[in-house]
Amino acid sequence: MVKIGVIGYGYWGPNLVRNFMECERAKVVAVSDGSADRLALAGRRAPGAKLIRSGFDLIHDPEIDAVVIATPVPTHFELAAEALRCGKHVFVEKPLAASAEQARRLVDLAEKHRRVLMAGHVFVYAGAVRKISELIEAGDLGKLLYYDSVRINLGLFQSGLDVMWDLAVHDLAILDHIWKSTPVAVSATGMKHFAGQPEDIAYLTVYYSDNSIAHVHVNWLAPMKIRRTLIGGSRKMVVYDDVEGAEKVKVYDKGVSIAESPEALYQMRVNYRAGDMFAPLLDNQEALRGEALEFIDSIEHGRKPLTDGESGLRVVELLEAATQSLKNRGGVIDLGVGADKFLGYIPQHIGTAV
Amino acid sequence: MVKIGVIGYGYWGPNLVRNFMECERAKVVAVSDGSADRLALAGRRAPGAKLIRSGFDLIHDPEIDAVVIATPVPTHFELAAEALRCGKHVFVEKPLAASAEQARRLVDLAEKHRRVLMAGHVFVYAGAVRKISELIEAGDLGKLLYYDSVRINLGLFQSGLDVMWDLAVHDLAILDHIWKSTPVAVSATGMKHFAGQPEDIAYLTVYYSDNSIAHVHVNWLAPMKIRRTLIGGSRKMVVYDDVEGAEKVKVYDKGVSIAESPEALYQMRVNYRAGDMFAPLLDNQEALRGEALEFIDSIEHGRKPLTDGESGLRVVELLEAATQSLKNRGGVIDLGVGADKFLGYIPQHIGTAV
Amino acid sequence: MVKIGVIGYGYWGPNLVRNFMECERAKVVAVSDGSADRLALAGRRAPGAKLIRSGFDLIHDPEIDAVVIATPVPTHFELAAEALRCGKHVFVEKPLAASAEQARRLVDLAEKHRRVLMAGHVFVYAGAVRKISELIEAGDLGKLLYYDSVRINLGLFQSGLDVMWDLAVHDLAILDHIWKSTPVAVSATGMKHFAGQPEDIAYLTVYYSDNSIAHVHVNWLAPMKIRRTLIGGSRKMVVYDDVEGAEKVKVYDKGVSIAESPEALYQMRVNYRAGDMFAPLLDNQEALRGEALEFIDSIEHGRKPLTDGESGLRVVELLEAATQSLKNRGGVIDLGVGADKFLGYIPQHIGTAV
Amino acid sequence: MVKIGVIGYGYWGPNLVRNFMECERAKVVAVSDGSADRLALAGRRAPGAKLIRSGFDLIHDPEIDAVVIATPVPTHFELAAEALRCGKHVFVEKPLAASAEQARRLVDLAEKHRRVLMAGHVFVYAGAVRKISELIEAGDLGKLLYYDSVRINLGLFQSGLDVMWDLAVHDLAILDHIWKSTPVAVSATGMKHFAGQPEDIAYLTVYYSDNSIAHVHVNWLAPMKIRRTLIGGSRKMVVYDDVEGAEKVKVYDKGVSIAESPEALYQMRVNYRAGDMFAPLLDNQEALRGEALEFIDSIEHGRKPLTDGESGLRVVELLEAATQSLKNRGGVIDLGVGADKFLGYIPQHIGTAV
C-alpha cells in the first residue's frame, strides 16, 4: 500500500485525489492546500485524510511514501526537490518545472536518491492516444508527415507563464510519446493582449529530424473549446477530436501518391486515394486512472514510469525554446542536436515510398 | 443585355456559366475550353452558346462585351491583358494573376481602357461573410484582435503554385474586405512532400498595423474538409464554419477583461465573461450569384466592382510575400508600408478599452 | 437520343431538367409550366427548349418520346394517364399518384401501352442507400430488426395532402427497395395545427411479416432539418444521416446477444458487444443523375426500371393505409396480405440466431 | 447536519454518494450494497462511512435521518415503505415505484409519517431543463404544440421492466415539470427481441388536454447515444441536445402562421418565418448536486421538494398506462380525467393565435 500525500487542491488536485483514492494499492493519507476553504472541501471528499496547510509540512510527514504535486508551475521545483531529498517518490503535474535547468536538476535528484520521478503527461494514458500510438507502431499510418493540433478555449492560466506552457505542453507530451524522430528546431509566434500578462495566443512549430513537422495553435481567447489533432501519414491519416463524445479517433484510408505518367518521365501527376473511414473502439478508462496506476506500479516495481522525469525534461526544453522564439518574433531556434541532422524544412521526395 | 464569353470550362467554369445564364441582364454567348469533351458538356448545359477551342479566339469575337476567365492561374495575365486591350470588361478568377507585377499591369490596362476589371473573390459575396462584415462595421465585435482560419482538404491544385495560392487566397480576400487595418508584414512556413511539386501544407501569418494578427492554415493533405474561421474581438467573438449546413456564423457574447484588483494596484486579474451565443439568419443566395450580379451591374453603371482589380492586386502582393517568406524558412517579410507603423508583434495594452 | 418533355418547373422540376440535359443519350426538348415567370427562367437555363404553358399540349407534341411529371400530386394521375395513352414513356415524381386506385390504373395503362412507367423514388439512387442495400444483401447486418427514421424540417407541402405524403414517402420508397419482408399492417398518429390544412406532424409505423418494424417521424414544424435513419440488425447497426456532408453512412459493429448463463438455464443474461465503427466510401454521384440514367436506359432497352410503377403503387398503398389510420386515431390497418402472416408485434425469439 | 444512508452502490449510487458527500449540510454515514466488491469500492471512496450488506439494516440504524434508495426498481417500494415507517426521510431513484398502486401507498405513508418523500427526477434539476422551463413560463415559446424526444443507446436495464421504465421515465418527469396541461390519454407501441425479456424498443405518445402531443422514442438497441428533444411552440421552437458539450439548448426564432389571403377569405396560406437562433448560457452545476441540495433543504425546512412523491406517482401512472397500451398493440388508454377534456387528437385552429 503506497501512502500518498497530494499538494494542491485547486483545479486539478481533486481529480488526482479521487483517482488515487480509487486505487486498491494506494491510500491518500494527506492533502495540503494554502486555502482553508479548499481544505474543507477536500475533507468532505476524502474523509480521514490529514488536512495540512503547508506543502512542506506534508512532505516532511514520515507516514508519506509518495508526493503528488498539483500546484502552480513556479512552485513545482522547490516542492519536488525537497520531496526527493526527503526520499519520497514524486509525481509532478505538467509541465515538470518552470525551466529546463530546474527540470534537469529534478531528474538528477531522482537519480541520486533512487526515487521515482514522474511527469503528469496525462494524455499519454488516454485511450485515444494509446490507440494512435498503436497505429503508428504497427506502421498503419506509413511515414509520418505532419501533426497539426488546435487546442483552444476561453480561460487563462494564472501563473505568469504563456499559453504554450498551459496548453501546448499537452501536444509536446503526446509528441514525445508517439513521434518517431528527434526535434531539431522550434519556432513560435504569438500575441499578448493584456499589459503585464504573457502571450495568450501562440502558434508553435516543431521541426523533426525526418523532415516531419508539428504545428500547434493554442489560444486562451477562443469562444469555444476545440481539441482537434490531425496526423498525416503517407498511408493513412488520423483525426483525433477530444471534444467528441464518441469516435474521438477517426482513421482515414485516404492518401496521395505520385503516379509515373506514361506520357513523359518529367511530367509528374499526383493522384488521390479516397477510401473508407474507420473509428476504432477505444478503451474508455479515465486517463488519470491509468496515470495513477502507472505511478503506483513504478514505485512498487522500482522502475521508471512511462512518462518519467526525462520525458518531462524534454517537454520543458521545447517549451523554453518556443518561448525564446516567441520573444524573437518567430526566429527559428536550433535545438543543437547537430546541424547535419537538420536538413531544412523541405523533406526528401517521399512520393516513391508511398 | 451584357454578352458574356467564358474562358475555361474545367472545375469552376461551369459554375460561372450557370450563374451568368441565370442573370436576366446577361447572356452567355460563348464558352471556350481546350478540351473537346469539356466543350461538348458545355454544349449540353448551355445550348446555343458558341463553343470555341481557343480563349484568344473568344476574346476576339466582336459580339462579346465581357470576358470571364476561369483558367489555370499562370494563364490569367495573358488572357486578361488581351481582353482589356480589345476593350472587353474582364472578370478573372482568384488569384487575379501569378505575380504582383502582372496584377499591377492588369489594373493599369483596365484604367487605360476604362473597362471593368473584377477579381473573383467569391467569399466576399457569401451571406456569412457579408453578415460578419456588418457585425464588424457596426462595432459589435469591439476591437479586432485576431483572425484564425483553417482551410484544408485532400486535393492539389495542378498549376505549379503552392497551396497558399489555392486556399489562403480566400482568407486574404476576406481579410481585404473585412479587416480594418493595413497589413505590415507577412511570414509563412510550410512543407513540400512531392519532388517537383510546391508546398502542400503552409501556415501563413499576417501582421497588421493595429497589432492584430491573422493566421491561416492551408493543407492539401488533410483527410477531411475543414473551413473554420475564428474572429476574436474585444467585445464578441465569431466562429464561422463554412462546412456547416445551418448556423455557419455563431457570435459569442464572451470575452475577457482586466479587473482592477481591489487589493493592490500592481496585481492584475483577468476576468472572463461567459454569455449567450447567437446565430444570425444569413442570406442564403449563392455567393456566385451575387458575384455575377455585381459584375453585370458594374458594367452597366460604369463603376468599380466591390472586388476590383486593386483588391485583386493587394491579395496577390500578400501571396507573393508569403511565398518569399516560405522559401526563407519563415522569415518575416516587411511589406514596406513604413516601419513606424509596424510596432512589433506585441500589441498595445488593450485591456482598459474592453 | 430520347426526346424529353418536362411538365412542372417549380421546386423540383429544375433539378430534373438539369439532370436530363446532362445525359448524353437524352435531350430536353420542351418544358411546361403554368407560370410565365417560371417558364422564362426555364428558358434562360435550357435555351432552345420549347416553352409551353399547358402540360397537355406538351404531352401531345409528337416530337416528345418521354414525359417527366413534376407537378402537384393531385395532377399526377391525369397527366400520366394521358401521356401513356399517347404512347409516351412516363416518369412521375413521388408519390406516383394521389390514391392507390389511381396508381393501379397507371400501372395497367403502362402495361397495356407497353411503355415505361417510372416512379421518382430518388433516394433509391443515392450512394448512401445503395451502400446500405449492398450491406443488407451481403448479410452484413444480420437479421433486420428495426428501421427508425426522423425526417423533419420547417415547411409545408401545399397540395392538400398530409405530411406523410410529402416526407414519409421517401422512407417508404427506401424500405420498398431495401427491406426483405412484406408489410402486413400500418398505423399512424399525428396532429394538424392549421384549420383547413392536413396533418403537419405524423408518426407512422409499419409492421412486417418477419416481425421487424419501421417507424417514421415526419414533421413540417421542426426548427431544423433532420434526416436520420437508424437500421438495427442482429449483427451490425447502421446510422444514415443525410444532412452530414461526409460519412453519411456509419456501420457499427455493435450488438446484443443472449448469453446462456452457466449457473442456470432459466436465468438469461443479455450481453452487449461494443466494437469499431466503419464509414464506407460512398459513390457521390448525384442521386438524380442515377435516376435520370435509369429512366433513359429502361426506355432504350425496353425494360422495367428499378423503381417501376409497381413500386410506386406499393408506396401509395402504404400512404393511403397510413392516412386511414391517422383519421382513426392510430388504429392498426391490416394490409390484407393474410392474417396468418401477421404474428402480432411480438417477434420470435431471435436471441439464439445472433 | 442531515445524516444520510445510501442503499445501492451499483450504477447510480456512487453518483449520489459523491454528491451528498459534497453538501456542507449533509453527511453520508452509511452505504449498503449486497455485493462485497461494491462495498469495498464504496469504502475507498467514502472512508468513514459504515458499510452494510442489508438495506433494511441500514434503514434501522438510528443514527440515520434520511435514506437514499438507488436499487433495482422492483425493490423500491419495500425499502421506501419501511424507511418511511421508521420515520426516515426518503429519496427514491426514478421511477418512484414499480406500479402506481405502490407509488400511491408511498405518498400516503409520507403524508402519514410527515416525512419528505422525493423522486429522483434528476433532469428537472439540470441547467438545460431549468432554462427551458423559464422560457415556457415567460411565454417566449408561445402556445406549446409538441414535445418530441429521442432517447436511445445500446444497453439494457436488467430489472425485468420494459425500456420505457428505464428511459421514457426521464421525459415523463421533464414533461410533468414543464408542460402546462393535463395528460388525457397515452398510447405506446414497441418490440421485444429476446425471449423472456421485456420490450427493448418503444414509441410512446401522450395526448394532453390542450391538444398538444408528446412523443418519445426509447431504444436499447441503438448503436449510438442520442438524447434529443424538440419542443414546438407557436412563437419559438427549442432543440435540446443533451449529448452536446456546449449549446445544449437552442432556441429558434422560427415559426409558422396563417396569413389571411387578401384575395379570398376561403383561401388560406401558410407562411414561414425564418429567424435567428439563440443558445442561452446555461447554469452548468451538475444536476445531481441541485437534486441533493433540494432534498437536504426540504428536510431542513419541512417542505415538499420540487419533485415530490406526487410527481413520482404521476410519472408512474403514465408508465403503467403506456405498458398497458404496449400489450394492447398501441390501443389508446384513456387516463380517466374526463372525456370532455379529451377533444380528440385534432387540435383547435391555433393559427389566429400565432
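Which chain is which? They are A, B, C and D, in the order written, and residues in each are numbered from 1.
The criterion applied here is as follows: a contact is a pair of C-beta atoms (placed from the backbone, for glycine too) under 8 Å apart; a residue touches a chain by one contact, two chains touch by 3 or more.
Bear in mind the structure is a predicted one, so any value in this text is a computation, not a measurement.
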Quick note, more Cb pairs in contact for A-C or B-C? It is B-C
By mean C-alpha coordinates, which chain is most distant from chain A? C
Separation of chain B from chain C, taking each centre as the mean of its C-alpha atoms, in whole Å: 41
Just give me the whole-number Å value for how far the CA centre of chain A lies from that of chain C. 51
Multi-partner residues of chain D (at least 2 other chains): 224, 274, 277
Spell out the residues on chain C that touch chain A in their complex, using ranges where they run on. 247, 274-281
List of chain C residues in touch with chain D within their complex: 145-146, 148, 150, 152, 154-156, 158, 187, 189-197, 201, 203, 205, 211, 213, 215, 217, 219-224, 230, 232, 237-239, 250, 252, 254, 256, 258, 268, 270, 272, 274, 277, 329-330, 332, 344-347, 349-351
Going by the contact rule set out above, which residues of chain B touch chain C in the complex? 18, 21-22, 24, 41, 44-49, 224-225, 243, 245-246
